[in-house]
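The first chain written gets the first letter, and so on, giving A, B, C and D; residue counts start at 1 in each chain.
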Amino acid sequence: MPKYSVILGNLGNTCDRFLSSGYKDVPPMKELLKQAAEIDGVEGVELVGTWDITVDTVDEVGSLLQKHGLECVSIIPDLFSQKRWGKGTLSAKDAATRKQAVEYMRGCVEIARKINCPTLNIWPGQDGYDYYLSSDLVQERRWLQENIRAVAAQAPDIRFALEYKPKEPRNFSFLARAADTLLMVKEIGLDNVGVCIDTGHGFVAGENIGESIVILQQYGKKLFHMHFNDNHGSWDDDMIVGSVHFPLYVEIIYWLRESGYDGWYSMDQYPYREDGKGAIEASIRFLQMVERVLDARKHEELKTLMREGDNVRTQNWLRETFFK
Amino acid sequence: MPKYSVILGNLGNTCDRFLSSGYKDVPPMKELLKQAAEIDGVEGVELVGTWDITVDTVDEVGSLLQKHGLECVSIIPDLFSQKRWGKGTLSAKDAATRKQAVEYMRGCVEIARKINCPTLNIWPGQDGYDYYLSSDLVQERRWLQENIRAVAAQAPDIRFALEYKPKEPRNFSFLARAADTLLMVKEIGLDNVGVCIDTGHGFVAGENIGESIVILQQYGKKLFHMHFNDNHGSWDDDMIVGSVHFPLYVEIIYWLRESGYDGWYSMDQYPYREDGKGAIEASIRFLQMVERVLDARKHEELKTLMREGDNVRTQNWLRETFFK
Amino acid sequence: MPKYSVILGNLGNTCDRFLSSGYKDVPPMKELLKQAAEIDGVEGVELVGTWDITVDTVDEVGSLLQKHGLECVSIIPDLFSQKRWGKGTLSAKDAATRKQAVEYMRGCVEIARKINCPTLNIWPGQDGYDYYLSSDLVQERRWLQENIRAVAAQAPDIRFALEYKPKEPRNFSFLARAADTLLMVKEIGLDNVGVCIDTGHGFVAGENIGESIVILQQYGKKLFHMHFNDNHGSWDDDMIVGSVHFPLYVEIIYWLRESGYDGWYSMDQYPYREDGKGAIEASIRFLQMVERVLDARKHEELKTLMREGDNVRTQNWLRETFFK
Amino acid sequence: MPKYSVILGNLGNTCDRFLSSGYKDVPPMKELLKQAAEIDGVEGVELVGTWDITVDTVDEVGSLLQKHGLECVSIIPDLFSQKRWGKGTLSAKDAATRKQAVEYMRGCVEIARKINCPTLNIWPGQDGYDYYLSSDLVQERRWLQENIRAVAAQAPDIRFALEYKPKEPRNFSFLARAADTLLMVKEIGLDNVGVCIDTGHGFVAGENIGESIVILQQYGKKLFHMHFNDNHGSWDDDMIVGSVHFPLYVEIIYWLRESGYDGWYSMDQYPYREDGKGAIEASIRFLQMVERVLDARKHEELKTLMREGDNVRTQNWLRETFFK
């Protein structure tokens, strides 16, 4: 049975470039943790470094988690929301910025250790470029790789899950797709460095996430973490799971099982104008529905159908199996 | 209760630019009609002019339809598969080609009358352009409009449903989106000229088809015909309905009902490597499932939810209503 | 000769949902106006209502404009950056919000009159929806139409340019494409209501902007305003003109001339990490280069090429005409 | 100085799924070779196995090439246009088909050897899938990898350039992106197996081709071949180079030089309605223009600009350097 978790910030305020003050009000962190704990099935949270947790608050946050029976699934270092990171972090053209980013990451390792969190989820969203002809791609990609390696090599007790995304906030990200990221992971060559799939990021990249899972697992068991959401296909709309697509989630669940993934199913959404807790809850219930209907017998039926590849039969089976 | 139909050619061979001889074998037309009649729920067929029906074969085809209890829902003039149409038909730069296209269209009107077919479904797929700076857009768009008007004005007994598509086979089509096409329809200003929505064409255009239905119906009851299929979002993959998306079909059914559409639900797919009959059947069953579950009571519940616009509630309702 | 203008805010700070405090520092408004005036070719500015100008500051701003020899090209009512507009303005489900939006728009009319600004550029970015099945599309689209009509009918001395955009901040905008917007403009039926094209919004909608210009001008001279920028095709990246595409801008200039557009060429960009003034300047220089090279003789050559439609000849001509 | 080549079939007929008989007439192969030789700068051709060359015609074709002073740059095995390949070749679910595909590939190796052609350009266009849940992805991807390895291991004298493409003719290709393909190349682990970039395929995948070049070259000098064309971004429109985009081609040339690529610049287009020879010629002239303007001094200026990353300066430099 998969374990569900949520990125704590999903329950808080949301903003965009047009309404920078935000669409909602932010409850205090205590309240957010309480809400997370109340969602049926949630056993863990991901915390954004600096926002949700710092060296100074780690004990207090640890106590709160314990009180609510929640695990800290991952720390997500804040490599994106600070002005100093605006033109990049671990791969920034500016040497002093790169140095700050490495130091900041090491601080996050310390926080993770203190709160017994096994994973840093690294999303270097500001590392990339916007215009053609604006980056020494050899050099900057190498800095990113070397700096991740430098931090991870000194923290073999922590897993580093690199999260890819084709664009936003940069028009081109250095970690853009599952396979690009796996290539860098293999160059880094450390057991504790792998990949995080965010389903919506993969949709924007044109990936069938089922196949991304297969690639990451076949080429070295490198799928470390999963973020779930849905979108309309061309942008990271960060919507409730199942609100746009259906059969692809069945394929995701199928390959997560088949490939031996034993990590968390974490919700990563951005409910701009929705109740955050309700949006997360609806997503988890959707995935739980797929899990329930796709029981062991149905899973085996599906395996046979996929091997035969008769799409008419498979589509009829899907409709009859899942819909009323 | 909606009436289902199918474009006859969907049951036959399929090809593409790489495998131009086709992926399958073509059964004779008699066999295709028999297959169409056997699909549970199908009461009509659409015939492609020249391919499926000509002035010479109209009686024979009429008899076959009668034998199988099928109506001829529409004639689709072949404005796309002949070498002479390669650079356009009703809007071609070449005056002789435009004249031929008008004459050909008039021939299709005659065929439709003879077989008691109420509708010409006009898809001017070759009318458009591929490169920037390659078309006198004012002139060519005007030719298209005037030539459709000229044919339709002389055939007030026949309905002309203009089918839009953003691209393919041209990189830019003159009838590209629902609203573009409606604008031309309003300029033409004839009661018997309206629009055909192909769901997949609309997805590629970035449309929420529910909204396209509303626009066409609100601005003059101009939705004349519906083609159903699914795709992955960026191209007209012409797949089985429901094989990629789900909730948007609920919205389509909702607005077809609300807006008083009383035309056909016609299947338009391109089962390259699938059994054609099976693919059509699976699509119809998917839509019938949506129709059945969204009964009168559920339809009213949905209306209330849409007016309130609480997406968490609506997504929970969708999951509980449709899934096991 | 076209007149160039700039949206004043382009020169200021920029933020996004990840770095909401912004990538740069905001100079005071006086400084922004000075910068605008210094850009070679700029003769006007667009001001965002509330941000840049209010009833209270209109005299002061007017003096500053006069001092710098700048016209106020348009007022852009702020229908997007206030918390109360988060779920819509003129089409909001909430009646009190719609009323506030109408009143706010009337205030903007007053400001425009006081500063002798001829145009309100209406971008109702929050009017739309995010999820399928979340909006009574008939009702909400009607509110939008009626409220725009109500305001515009009482201000026949002011032109209302409706700016469309397929998505962002909503996943689906009610004013999404050129033709959708023109349909609503025609339903409104007032001489002083037309359309603003933002080139990048059109790219995301899959439009060839040259054709959008033709459609708007042919069906009633309804192109009221132009915003220029470039992007990578799938999102409103708001980049320097010419940084991604080239020949399509030649087509835009061609059709602006041919269709008798005599409005402003206004720059609308979002230089997240660039010097704002420099980005605007580079865009204007790019367009001025196209204007200069496409002189009267070259314009006529191009007209002939477009009518002939031989893409090989046209591409050779483009290369030889524009490149060194 | 780069050497230019062309895929011979580009000069012949073109068709699509709607006009399967083709838009043009096919000249005989002798005529096509003559045309290729006449294009200024062309020194080589790529031949499609079975279409252009077979074991039986290899001597005759060899003589013709010699007569025209053309090299055979690559053989492209026809893994796409035969009915037996409709559901896959080297990864087909059917074991007999996989065996046939391996044998056919070995035949192509023999042809290449006989005509002194150094490279097989492998585009397994039919290897992939169309629907979710239709493929045992682990097994089928493994078959593809093992079968390529099996053929390549026995032909160390021939280079195998694997050409990726996100979709078409399958909705999902197994070799979809640069990084996916490189991963498989690295798993295969043979010196004579690398990657071919088709620029348009990369655009559809959302890649900045400059970065794809860097990735392939940095992670093992695996860029074996280059196909050039342009498109509108969402589909493989196979258009004349430079007809849509501009600065990205400057970046491509820059990184081809920097990364030490010494292979061919081959034209791969699909001039549906254009004169084939003229389209290829226009593409080569566009690239030659970029090569000429970006001379050694300008190349160094650009290097400095890219390292500094000031997009305003770089865009001004681009305009001043390349445009009149």
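Following the convention adopted for this analysis, a contact is a pair of C-beta atoms (placed from the backbone, for glycine too) under 8 Å apart; a residue touches a chain by one contact, two chains touch by 3 or more.
In this text, all values refer to a predicted model and were calculated from it rather than measured experimentally.
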Chain at maximum distance from chain B, centres defined as averaged CA atoms: A
Length of the line joining the C-alpha centres of chain A and chain B, rounded to whole Å: 40
Chain B-chain C separation of Cα centroids, rounded to whole Å: 34
Chain D residues counted as touching two or more neighbouring chains: 87, 130-132, 167, 206, 232, 234, 240, 243-244, 247-248, 273, 311, 315, 318
Chain contact topology (line, ring, star, complete or other): complete
Partner chain D, residues of chain B touching it in the complex: 14-24, 80-83, 85-87, 125-126, 130-132, 167-169, 171, 232, 234-235, 237, 239-240, 243-244, 270, 272-273
Residues of chain C touching chain B in the complex: 87, 93, 129-139, 141-142, 166-167, 172, 176-177, 179-180, 182-183, 186-187, 205-206, 208, 210-211, 214-215, 218-219, 247-248, 250-251, 254-255, 258-259, 302-303, 305-309, 311, 314-315, 318
Interface residues, chain C side, partner chain D - complex: 206, 232-234, 240, 242-248, 273-275, 278-279, 281-282, 285-286, 289, 293, 310-313, 315-316, 318-319, 321-324
